[in-house]
Amino acid sequence: MSRSSSWAREALAVFGKDCLLELRTRVALGAVLLFAVTSVVASGFALAPPSGVAGEVKASLLWVIVFFAAIAGLSRVFVVEEETRTADALRLAVSPTGVFVGKLAFNIALMWALCVVTVPLYLLLLEVPVRHWSLFVTVVILGSTALACATTAVGAIVAKATMRGALFGVLAFPVALPPLLVAIHATKAAWLSEGGWRMATGDLQVLVGFMLVIVPASLLVFEHIWSE
Amino acid sequence: MNAVAKILTGVWIAGVTVAAFLWLPPAQGFRSPESARIVVFHVPCAILTFVAFLVNAWYSWFYLRRREPLLDMKASVAAELGLLFAVLATVTGSLFAMEQWGSAWNWDPRETSIVMLMLVYAAYFVLRGAVEESGKRARLSAAYALLAFPAMVFLIWIMPRIVESLHPTNTLFTGSGLDPVYRITLWSFFVGMMAVFVWMFRLRLRVEMLEARVRRRRQTEPEPTLTGVQP
Amino acid sequence: MNWQIELRRVGKEYNERPVLQDISASVTAPGVWTILGPNGSGKSTLLKIIAGLLTPTEGEVVYLHNGERLNAQQRRQVVGMVAPDIALYRPLTAIENLRFFARARGVRVQDGDLLSLLEQVHLRSRAHDPVATFSTGMVQRLKVLTALVHRPPVLLLDEPGSNLDEAGMEFIRHTVRVQAEHGIVIVATNDTRELDYGEPLIQLGA
Amino acid sequence: MSRSSSWAREALAVFGKDCLLELRTRVALGAVLLFAVTSVVASGFALAPPSGVAGEVKASLLWVIVFFAAIAGLSRVFVVEEETRTADALRLAVSPTGVFVGKLAFNIALMWALCVVTVPLYLLLLEVPVRHWSLFVTVVILGSTALACATTAVGAIVAKATMRGALFGVLAFPVALPPLLVAIHATKAAWLSEGGWRMATGDLQVLVGFMLVIVPASLLVFEHIWSE
Amino acid sequence: MNWQIELRRVGKEYNERPVLQDISASVTAPGVWTILGPNGSGKSTLLKIIAGLLTPTEGEVVYLHNGERLNAQQRRQVVGMVAPDIALYRPLTAIENLRFFARARGVRVQDGDLLSLLEQVHLRSRAHDPVATFSTGMVQRLKVLTALVHRPPVLLLDEPGSNLDEAGMEFIRHTVRVQAEHGIVIVATNDTRELDYGEPLIQLGA
């Protein structure tokens, strides 16, 4: 068995197990979604059309909501392992790389599911006129993936500390800030009539570049976070 | 409900529906008088949403007192129906709003409160999904329903009266607002829908009871499938 | 197959409090060894160090296979461990837990194999129930199975008999006997019923 | 020993223990605060004066931030007991009333601490001109207390379910909405030049009335939540 | 002082699965009783029902003091319990845990008393360390102390000896002996070392 196929196989097993746990407890996704939906509805209520909030603020708000909803869910994959004292069992069975890749895959899937529900609702309730659909969809996919990449390793750090839920927000924010800002900028480009792809290519490159840097960096430090 | 009652309900609803379109005159004073007929369907659905919520709270309270699983089933079935009617009220309301107010959604206090009501129902079911053990699930969801109750009373009765609204208030019971013809048709439809509510309630309850019976049987008898699958 | 574990002057401090000091030992397959000592003497700590879950503050633990040193990844394939503070996935069923631990280590197993494993500890009829609904003793039995599912040559057991009834104890005894025929078992215990599993490897003081 | 003094004594013991735990782990308050501070700073950044957001939106935003920060912290008191499996020990030693009152007291203290830090910062960063200080302080105290009252029992429910962190937001939102809306309304009255106390007395009455309803209601159902 | 506990046709189902059926028994102070049965037979469930931590689906458990029925609040004052899944506050120190459980029940204690309690289980030197840093056996000893700190007439012990060494077992034996002189002890166990504590009260099947 070659080494590379070994971590892929491990990651697959971890991903499958986490999906199964999710399916069993049924609540992670449901709750993250409802959390996001609640915030979207609340924002829609507070910033309904007569209040005349600019499209720029709306773009920020969308990503802030996605970020907070992500906070509600993304750190769980590691926190649950520590809280239920299964982390040691996982350490015994799976290599750090396998664990990280499996958890990252799960978080990305969670973020996508989150966006599939939240974003259309947001566009509807806040009456956002999207001019460049293909660009917007690309931004949402890349942005949410980048958020998951940025925060997965932070989740592992948080899992080792007490008072996890809130701590995650604090630690994740600085790491997630670059993709957050870039995604907000690119979203504005996709909503405004002018610019479009031309205005956003730089942002998209930054997003991809960010992922290409943060994932290897996370892998590098993850082993030290994960093992005692 | 026996067959006669079912048929009577069907005939009644069909009759009222036909009357709403043929007998009911277009409502003057509305921006789109013809489409105003929809209140006849819209308002009963909205009222049934509240009724379902009351029924849910009522059975929740009794569950906590008596701890009989049947009461929990009744509470949860009432919430399911409440959610259904909330969706119906919102859809009919939105259609109507599109005609009358020019936009499907205006964050009118009534609209807000029905969204909140749906959120409560949704949260109630998320909670039920989050608890494995049936007794615990029943206790927690009953407690939640009762905690949400004062909040809902506030949202439904107090808030629309504090905040100004596009919606007419106090038209159902006081004489001033609604044309008597409309009122008769509306309440007739309400009676029909109430019968549907009772029928669906009992149907869902029967399904729930059967499912519980199947679960119990599975627990007490050894699983027959296991020995068969052995490779 | 020649498996060997060497403890080389292992020491461990928690927060500057020394728990283990200068422990050296060597075990070779096949055989059963016990780590003995009163409560708080460091048995669990030592076992976790052997498993690679804790890094010792001094010294090292070396695994040798036919004289060759194993790396961390290989060590994971080789070790199976049961301990009071290593838990299972409680929302998953018994069989799902077994399946996950097998797959994660690259072992291809059929459900039939897993069911007959469960049969051995009288949990077959509960195979599809979540572990959360198990009693302490039932959980302990399942834990032992998950440590065995990849047939590890090295088995580390920390108080394996806790909360088990007579049948459960007999299963442990049987497991240890079978494992001792070709592999290594290290048992940490202070249960008098378990003292006779093997020869004392290390006696820790209070 | 009379019955009333008995639950007061129990509540005091629980409150003291929770404060000690908080002191020892040191993170709950710190993290809640940092969470709130992060959001306030982010909002200040997004809605800085040039963007010209109305005072009404600012009032909503302040309370939304307080609410989300509360979500990060308020459910902890019960969740920690269940996660660490100490809940049964507490059940054996303390009456449900004692537990509820002790936890409620702790949550109220947490909310006040939160507001003491967050609110001045918010006023500063978003350049809110407060016209009626005494009213504003009253609204903040009553509003934060009402939020704690509304959500403490929900925290107990959440502690019994899986996927706690996110679930709390979902369950707490509808219950906390009335005090939230009223507090927003009263805050606007305190910020705008006209109205002031006169405009807000109704709101304050509703806030107090809400607490007077929800606390007994919580006490009534709490026993059923807390005991198996 | 005449304490009596009556189990009246107690039954318990989890998710429609019957675990206990129609159990009746009565115990009167002073004395020691054991609940026996293999893993998963319902010992822990029954003990939790007796403690009032679980509500039975059928029947009831009644506490009588000189013939008078106790309410839930009084029952709490009267019962002390140790069980594998009832934990202590791990960030708090040993003495803080003891102090909390005493105060919550309205018992006024001095730190000196608590230290001499800790002395009995050889934990005095660790009195000011967080429980999180204790070994399994040390935690188990402290658990027993927290169940004793309010001198309850009724002591419920679920596998009290798990993870304990010989000295720990001796402490349990001593505790049971002392308690049996004036109060009630009910022990649930399947550890053969603990079978002789008292006479079998209930034998649960598989």
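Labels A, B, C, D and E are assigned to the chains in the order they are written; within every chain, residues are numbered from 1.
Note that a residue touches a chain if its C-beta (ideal position, glycine included) is under 8 Å from a C-beta of that chain, and two chains touch if they have at least 3 such contacts.
Please read these numbers as outputs of a predicted model, since none were measured by experiment.
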Exercise. Starting at subunit C, what is the smallest number of hops through touching chains needed to reach subunit D?
Worked result: 2
Exercise. Which chain has its C-alpha centroid at the greatest distance from the C-alpha centroid of subunit C?
Worked result: B
Problem set entry | B-D or B-E, whichever has more C-beta pairs in contact | B-D
Seminar exercise, completed: Per the C-alpha centroid definition, the whole-Å distance linking subunit A and subunit D comes out as 27
Exercise. How many angstrom between the C-alpha centroids of subunit E and subunit D?
Worked result: 37
Problem set entry | Residues of subunit D whose C-beta touches two or more other chains | 25, 161-163, 167, 170, 173, 228
For this session: Two or more other chains in contact with one residue: find those residues in subunit C.
Result: 85, 91, 130, 133
Seminar exercise, completed: In subunit B, the residues touching two or more other chains are 119, 122-123, 126, 130, 132
Problem set entry | Contact footprint of subunit B on subunit E as seen in their complex | 14-18, 55, 57
Problem set entry | Partner subunit E, residues of subunit C touching it in the complex | 14-15, 37-40, 44, 84-85, 133-138, 140-141, 159, 162-168, 190-193
Exercise. What residues on subunit E touch subunit D, complex-wise?
Worked result: 48, 51-55, 72-73, 76, 79-81, 83, 85-92, 96, 100-101, 103-106, 130, 146
Exercise. How about subunit A: which of its residues touch subunit C in the complex?
Worked result: 1, 3, 6, 9-10, 13-14, 16-17, 20-21, 24-25, 84-86, 88-95, 98, 227-228
Seminar exercise, completed: Listed in rising order, the residues of subunit D that touch subunit B in the complex are 150, 153-154, 157, 160-163, 167, 170-171, 173-178, 181, 185, 202, 206, 210, 213-214, 217-218, 220-222, 224-225, 228
